[in-house]
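Okay, so here's the structure we're looking at.
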Amino acid sequence: MKRAIPAVVGAATALALVLAGCGGEDEPADPNAPVTITLAGWSLSTTPEFKTLADGFHAAHPNVTVELKEYDATNYDTQMTADLAAGTAPDVYVLKNLKNFYTYQSGGQLLDVSDTAGGLASVPSLGAYQVDGKTYAVPYRQDSWVLYYNKELFAKAKVAPPDGSWTWDDYAAAAKALTTGIKAAGGKATGAYQHVFQSTVQGFALAQTPGADLLSGDFSYLKPYYQRSLDLQAAGAQPTFGTANTNKLTYQAQFGKQQSAMLLMGSWYIATLLKQRVSGDADTFDWGIAPAPQFDKSTTGTSATPVTFGDPTGLGINPKAGKAEQAAAKAFLGYVAGEEAGKALAGIGITPALVTDAVSQTLFGLDGVPQDDLSKFAYAKHDTKVENPVSKHTAGLQNLLNETHSAILSGSTGLDPAIDEAQNRAKNEVLNQ
Amino acid sequence: MATLSRPRPRRSLVWRNTVAGWSFILPNFAGFAALTLVPVVALFYLAFTNWNVFGVAEWTGTANFRRMWNDASFWTALKNTVYYTVFHIPLTMAAALGLALLLNRKLRGVAFFRTVAFFPYITSIVAIAVVWNQLFSPEYGPVNAFLRWVGIDNPPGWTTSADWSMPAVILVGTWRYMGYYMLLFLAGLQTIPAQLYEAAQIDGATPWQRFVNVTLPGLRHTTFFVTVMLTIESFKVFDLILVMTQGGPGQSTLVLSQYVYQKGFVENQFGYASAVSIVLFAICFGVTLVQFLVNRRVER
Amino acid sequence: MTNHSATATDVRPPAGLTLPGRPTARRRPTRAWRVAGYAALVLAAAALLLPFYWMVVSSLKTNNDVFTIPIKWLPDPVVWRNYADIWQRSDMTTWLGNTLLLSVAVTTLQVLTGSFAAYGFARVRFPGRDVLFLAYVGTIAVPWQSYMIPQFVLMSKLHLSNTLWSIVAIQAFGAFGVFLMKQFYETIPEELSESARVDGLTEFGIYRRIMLPLSRPALASLALITFVTTWNDYLGPLIYLRSPELRTIQLGLNTFVSQYNAEYALIMTGSVLSVLPVAVIFLLGQRYFVEGIATTGLKG
């Protein structure tokens, strides 16, 4: 019922476009024709980004109303798959994880938005959504992994804080020194906390190791990274994987409550930490952001560009959307990747797809954000690789490597046999499909 | 089990019975057929296709089943499922029957104890996973603290060890479901005529003899139901393992239902996932059928 | 497991043995035994209630005190405010209302249609009955996550998705109730319905007047189990319901979890609140399992 009016409007618009001979425009011919597009989001009351985007766009295009449709955060893709299969999905939906982009794109559930993307060439992560030269989605946020550290615990343990020159060996040495230093000072915190996600090891290994290729089925590049984690666990410099898993440790409490002095996490944690400081769920302490530790010295130091990883979050258009909605949705996509939306997102602590100086200034203007130069450098400058390449085999390999992750870190399987098994399984169960 | 009298099977009688039978079954069957049977039949078709949920399913014959034959993860999942089932069924059965017998007497506070026994089944599964995982926590958990206290120096790693994760899950599975099956046994115990016990007592039967000669035979129909349901539920175990171990560490607790979910919803290979679930179905159905046949023979 | 029932025929109720014999030589357990028994029961109850206890304690803690190494078994400080907070910050009233509505509707339908259909399967003999029954039981063996997409597409075509009707539709016509009730009807002696038939009762009359009253414990357990299953169902509402005002308690709580993903104390507060109504209903329902109901004890 609701669709009927916009559909008529859309048909009329299309006809008008043809008559006027001005095809190629993104905007509807009648800019005042009212259109409502639906947008999928999750946890709306605590995830303000969707409303920020919707309101920002509506302010610039008063005739377009963006209506939010709420999904479950953890089971977003399951619900969206069901809705798309049944034809009940909203006009614009979020690609929450890049690894599901392949599913939606190859399944014909994403409209070609190359014409919109043409004007967004400066957005770095746009390439992640391109297949055969066509663009199927537009990123609006781009998180990347950085090192969070507690300046007060560093001082207490008398360990030199990160200066941007760290390789992984420096990081491991610091974690151990911190643990002993904090203990000597009468504290109980560990030097580091490594969350149970597989990305905490595999994301860095794949992004930083020269020549590493997930799709080659050769996973030997993971070994040094796992070896270091195992060493840190054995040395007691971070809670073991088993402890973190069985006690459901949360990285928010580990870092926010000063249980650990260092935490590798995505830039989304900035907003969370700020919020928890206000609510009292996190302590108020002096903290900072440093670039993630590097594979070798060649990418360290503030004159180089540190390599890290992080997936973009994008928006795509449901091909079943009406003509008028599609046009409005394309305009919306053009908006979300731009600087205006970027500043609005930075205002709520989110890292947008395009980080400009203005965006950085907005974010560092927020109350509670560290003001030192290294934090600003770490936030703004990095070469962020996608966590995984987009391919038919990615989901399968990810699953298998997740099992490998728990097998290695729980100590169930030795490092070498575990990697060998993963390679065999990749060859026999995934890459041959 | 002779139903009705035993007259010559007259045509009109067969007709009348068919109408009567269907009129009883129809209200439930209509809903069942439309909402469950149709999708299940579709599933049988999809198992022979390559389907990514969105497009048209492409017929690939037995390709999915041939792939499964060479899929080591499938076999691991099958092996784990059987492992779980083989231990979960007898343990739960014994615990449930024991509880039912214990709580089927006139006992002060029996309502309270029954409710307590049912509690694991109604407690939120997330809370269960959290608490049991903490209890099993290798370094700090009370279980291992106790084991160390009684002199076991190297207690198992439970959910963080590939060898002990399945026993841990089986234990929690039994703990969770025994109250549920206790309820069914309780209902079954109500159908045993008290006279039988009185007669046995007059004959001087010991409690054990009463149990073997009165209780067990009297519970036959219930036991059969519990066995079938327990078998199916064990083969289909999913959410408990998902929240407790997510199939890990490694693949040590990966079970078939979870494999189906992984292949379907995570890797978007719904055709293959359908084929795996058909195999799971066939195994359950085969075991159930054997149980039916055995049951029928026993009834004769 | 069903072999023991071979002895079923060994114990026949001696005809006419309803004489109330002398108070039989039932051994009175000594006081010490009784105390030991209760102590064991209380201990077992404590083990069963442990996760629930942990939920209650966690619901009275601050968020970051919930997961600690080692576990804190007592809240310090005690945060009663969580219980006020959850009513303010979430839609508990709506969730509870929806869940109650669904549970009652599904239970009613399941018990009515299930027990009705079960009579057709248990007592009316017609061609194709056993095959049809196997199809019923067989579908229980198919994992739901493998056919939920086809089912969802079907329901969307019927415009039922994102309505409470969808949950009623998929839950109410399950095979579980049919199977359960059939098993219990079969414990009721055929002679009872036979004599009723002679007295001129219709099949429906037999169902209504004889079978239903005699299977009260079974109906009670079916109702309890269906109620709890619907109450605790998460995956069904997750797939079918989108609008916030339709959320059930489990769906609501889980959304709440992912929304406030570090607010564990509040999450546990919600979990405690979701368990309590079920516990009360169980406490009320379990009184249908009273020792000594001899279902066949119709004096005749």
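Each chain carries a letter (A, B and C) given by its place in the written order, and its residues are counted from 1.
Here is the rule we go by: a residue touches a chain if its C-beta (ideal position, glycine included) is under 8 Å from a C-beta of that chain, and two chains touch if they have at least 3 such contacts.
Here's who's who by UniProt: A = Extracellular solute-binding protein; C = Carbohydrate ABC transporter permease.
Predicted model, so just to flag it, every value in this text is computed and none were measured.
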From chain B, the most remote chain by mean C-alpha position: A
More contacts between chains, B-C or A-B: B-C
Where chain A and chain C are represented by their mean Cα positions, the distance between them in whole Å: 42
Whole-Å gap separating chain A and chain B, where each centre is the average of the chain's CA atoms: 40
Separation of mean Cα positions, chain C and chain B [Å, integer]: 15
Multi-chain contact residues (two or more partners), chain C: 67, 69, 148-149, 257
Junction residues of chain B, two or more chains touched: 53, 130, 134, 137, 140-141, 265
Where chain A touches two or more other chains at once, by residue number: 78, 81, 85, 243, 247-248
Chain A residues within the chain B interface of the complex: 77-78, 81, 84-85, 103, 106-109, 240-243, 245-248, 395-396, 399-400, 403-404, 406-407, 410-413, 418, 425, 428-429, 433
Interface residues, chain B side, partner chain A - complex: 52-55, 67, 70-73, 130, 133-134, 136-141, 157-163, 246-252, 254, 262, 265-269
For the chain C and chain B complex, residues of the former touching the latter: 1-8, 10-11, 13-14, 17-18, 21, 24-26, 41, 45, 48-52, 54-55, 67, 69-71, 112-114, 116-117, 119-121, 123-127, 129, 132, 134-143, 145-151, 154-155, 169-170, 172-180, 183-184, 186-188, 190, 194, 203, 207, 217-218, 220-221, 224-225, 228, 231-232, 234-235, 250, 253, 257, 267-268, 271, 274-275, 278-279, 282-283, 286-297
Complex contacts: residues of chain C adjacent to chain A: 63-64, 67-69, 148-149, 152-153, 156-157, 161-162, 238-239, 242, 244, 251, 254-255, 257-263
Chain A - residues contacting chain C, complex: 42-43, 45-47, 69-75, 78-79, 81-83, 85-88, 239, 243, 247-250, 252-253, 256-257, 272, 276, 281
